[in-house]
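Chains: A, B and C, in written order; residue numbering restarts at 1 for each.
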Amino acid sequence: MTCADTLAIEAAGLRADIGGSHILQGVDLQVPVGGVTALLGRNGVGKTTTLRALLGLQPASGTIRVLGHDVAGWPVHRIVRLGIGYVPEDRDVFTRLTVRENLRLAETGRQARYEQVYDLFPELQQRSGQLAGTLSGGQQQMLAIGRVLLHERPLLLVDEPTKGLAPLYVSEVIDALERIAATCTILLVEQNVHVVRKLARQVVVLDHGSVVHSGPVGELTEHDVRRLLGVSGPA
Amino acid sequence: MSTFVAITISGLALGSVYFLIASGLSLIYGLMDVLNFAHGIFLTLGAYAGFDLASRMSAAADPAGFLLTAAVAAACGAVIAAMTELVLIRPLYGRPVSQILVTIGLDVALVGLLLGIYGSNARVITVPAWLTGVTSLGSERIPNGDFVALGTGAAVLAALGWFLRRTRYGIIIRAGAENRDMVRALGINVGRAFTLVFTIGGAAAGLAGLLNSVVFNGGLVDPSQGDQLLIFAFIVVVIGGLGSLAGSAVAAVLVGLVQVYVSFYAGTSAGLAQLGNVSVVLVLAIVLLARPGGLLGRTA
Amino acid sequence: MSSLLGSDQPAAERHEAGTRAALARLGRRLAGAGPAGTRRGGGRIGVIVTGCVLAILAVLPLVTLQIPWILPGPVDVLNSAGTLEVLGLCFVFAGVAAGFDLLIGFTGLLSFGQVLYFATGVYVLDAALSVWHWALLPAAALTMAVGGVLAVLLGSISLKARGIAFAMVTLAFAQAGYYLIEDNPHGLTGGDSGLVMSTSRLPAFLVGVASTRSLYWLTLAFLVAAYGITWLATESVTGQVFLAIRESERRTEVLGLRPFPFKLASFVISSLIATAGGMVYLLLVGTAAPDAVASTTVTVSILVMVVLGGLGTRWGAVIGAIVYVYLQQYLLKIAAEPSFATLPAVLRVPLSQPDFLLGAIFIAFILFAPGGIAGLARRWWPARS
């Protein structure tokens, strides 16, 4: 990354089709280095697709610069190795592997920071030998976050981490993300505006496959929220 | 009673051979969603490699020589399998039906080539004397070959189990069978795992081909033996549940025993010689009616 | 074109795209909007070309023309017995392939066991004619009935499994059939050595030297009938349901349709065509042998024919079958020529085994032209479709 790169992610003209539907219709996205940038929008506007496109999991056209590299057309694992951690929407932990094995899979060969992960999520250490499929939703979310924390990664893509979680877990996840955001860049997809206001520095709003609003979170008014997201108040 | 024991051991030995083949098929399908019809070719080529080596070696008859033959058979299967994955399967990434079809094409083409080179008559491997010998168990005499097959099957099962549980690539393969994209999203190059499962499957198949020729076929090697065995291996994999290694092991034992019991106790009269084979198909039908996913299979 | 074999788009995308298209068509049809006219319906040019080709094929036996090199029979005359027999074989398999395409190309059911019904056609007719000495028509009726019952029974069981498991079950049943035939129960099948067809109760035009032409026309008629049935099945509303099932069973259910009866219907139609093909095959070849009609090799061959021609295109399967059988027979003819033995081994060995070449061609098509011959044709003449 050169000194001139103050952007962790810079995407322009992102277009993606899924089965004949134009999900992304020219997304221009700039994610500054440091802190949390939130990607907001109603269901189905293309938030998850945007994340997947950045990772190469979703074929897309347009220019994509991640951590200073042009990654369009790269295989997924190569993009990820630039230093990206992905926490997918449905957690996607490997249910037939144990917690320990799930974590082990996320190791990259350098020294893994198990201590820090267990410090953040003590339950993961307690349930080390348990099959991930038997964990509760909240515990799986902790596993999903924990595995991207095993190594220092400059960029995290996190997709709706609080969805479907019990309130206790929600606050744990928010706290964890707050601590993590101090040392890296996070692109956070969220529908929960309350969470966004607490964590995010920048906000990008998607609608119908393109960006309709972009700016500091402080500038996002309640009126904007109602207009752009169709919700009022905290979700 | 001891006849029953002898027959049982025979069935278990046959099941071991099926397991050797089915394990590779199961791993490949579990990770890659590819049903590898070329597995029969890995089998046959392993047997032919063994035949080739054995005919050149005068010391093939002693245990060390046989071990070498077995190693060569496995290696041959492994190499062909790896090449198949790299040359034919890789370019078809994302098109699982095409991948299946290309393995069919390879099978057809290579069997044809073997027929052209070797003719349809079977060649003979000199079977080591100690293998054709028998060991007494009570009042029954059990062919040593049965024990060898059984031992090999058990050893491979243990080895595969260890590999999948304890090594990094084993964990990658198990994870990839569940969710390939997420494995990639962890920065892991799944392609290497693909080649690896093909190689492992090929090695096991090559070994199975040699064992089958030597233990069950009286030392005969012919180009179409692979396809015959492959069908049974497929049945084993489906009964056990696609993608489940443990299922393959259980089903292999089941199929081997059924085949042997039925053939022995019923198949002596005219018109019933193939009853053992037919009853295996019946087992398949029954299992699928009761549990469409197979005995230990994952859903879909 | 075939979504089963795919193109550059990943599977999931095309899945969705195909679903939408298929369901849209189905929706229009169900709403009574009349035939939507699929691309595969073929324009007027297609009909004219087909008509011309059929006319040429029909009068072929009357044309005594010397053509060097390319004819598959031992005599280089267009309407020689050898040529007509090979062409007859081509037509039989073309019809069977068309029926098979209905199942795998249109309904998306990968079956590895259709050879069972083909073998049923061959062996039941053979047994009826040669062992029980029935007349032709009753024997044929019995054969079709057996084929139909078997298809309904085994199809219902097989369809309990989905996807690859379904394919394996059909393979297993076909293999069981092979074993039963080998066992020669009650002397009905002749076992390994096969069963020669007795001609004692056949009508005169199907027996003897003059029968070559009649048999040729019979096979051509079978091909036309098989193709016609396939065409009808796929152009109808039922056909649209087949397509919808191929793309996504779940969404077909969402439309309020139960996929099972349709899948079974497709299976049974395809199997009955195969049975009829088996009967015609027997009349043409005059003998039944398990390796030629009941082994999985035959299933694989038909699969290769359909894929070579182009899955889901009807006429592709026909072309693929004709090319495959013709090439196979032609190579066998070459290999039998005395000058063949003088070729260097590196040429002689591969050429002596048609399977090797056909397998290699098949692989090449899968890698580089997954749409088969039909796909290639579409690329070169896009206006045609």
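Following the convention adopted for this analysis, a contact is a pair of C-beta atoms (placed from the backbone, for glycine too) under 8 Å apart; a residue touches a chain by one contact, two chains touch by 3 or more.
The structure presented is a predicted model; accordingly, all values stated were derived computationally and were not measured.
A.B. asks: Hey, which chain ends up farthest from subunit B, C-alpha centres compared?
C.D. replies: Here the answer is chain A, farthest from subunit B.
A.B. asks: Where is the C-beta contact count highest, in terms of which two chains?
C.D. replies: Maximum number of inter-chain contact pairs occurs for B-C.
A.B. asks: With centres defined as the mean C-alpha position, give me the subunit B-subunit C separation in Å.
C.D. replies: 31
A.B. asks: Please report how many Å separate the Cα centroid of subunit A from that of subunit B, as a whole number.
C.D. replies: Averaging C-alpha atoms per chain gives centres 44 Å apart.
A.B. asks: I'd like the Å distance between the centres of subunit A and subunit C, where a centre is the mean of that chain's Cα atoms.
C.D. replies: That gives a centre separation of 52 Å.
A.B. asks: Which residue numbers or ranges of subunit C touch two or more of the other chains?
C.D. replies: Counting only residues that touch two or more other chains, subunit C contributes 10.
A.B. asks: Can you check the complex and tell me which residues of subunit C touch subunit B?
C.D. replies: Going through subunit C, the ones touching subunit B are 4-6, 10-11, 110, 157, 160-165, 167-169, 171-173, 175-176, 179-180, 182-186, 296-297, 300, 303-304, 307, 349-350, 352-360, 362-363, 366-367, 370.
A.B. asks: How about subunit B: which of its residues touch subunit A in the complex?
C.D. replies: The touching residues are 168, 171-172, 174-175, 178-179, 181-190.
A.B. asks: For the complex, give me every residue of subunit B touching subunit C.
C.D. replies: Subunit B residues touching subunit C: 29, 35, 88, 91-92, 94-98, 101-102, 104-113, 115-117, 227, 231, 234-235, 237-238, 242, 270-275, 277-278, 280-282, 284-285, 288-289, 292-294, 300.
A.B. asks: Please give the residue numbers of subunit A that touch subunit B in the complex, ascending.
C.D. replies: Going through subunit A, the ones touching subunit B are 55, 57, 75-77, 80-81, 86, 88, 92, 94-97, 101-102, 104-106, 108, 147.
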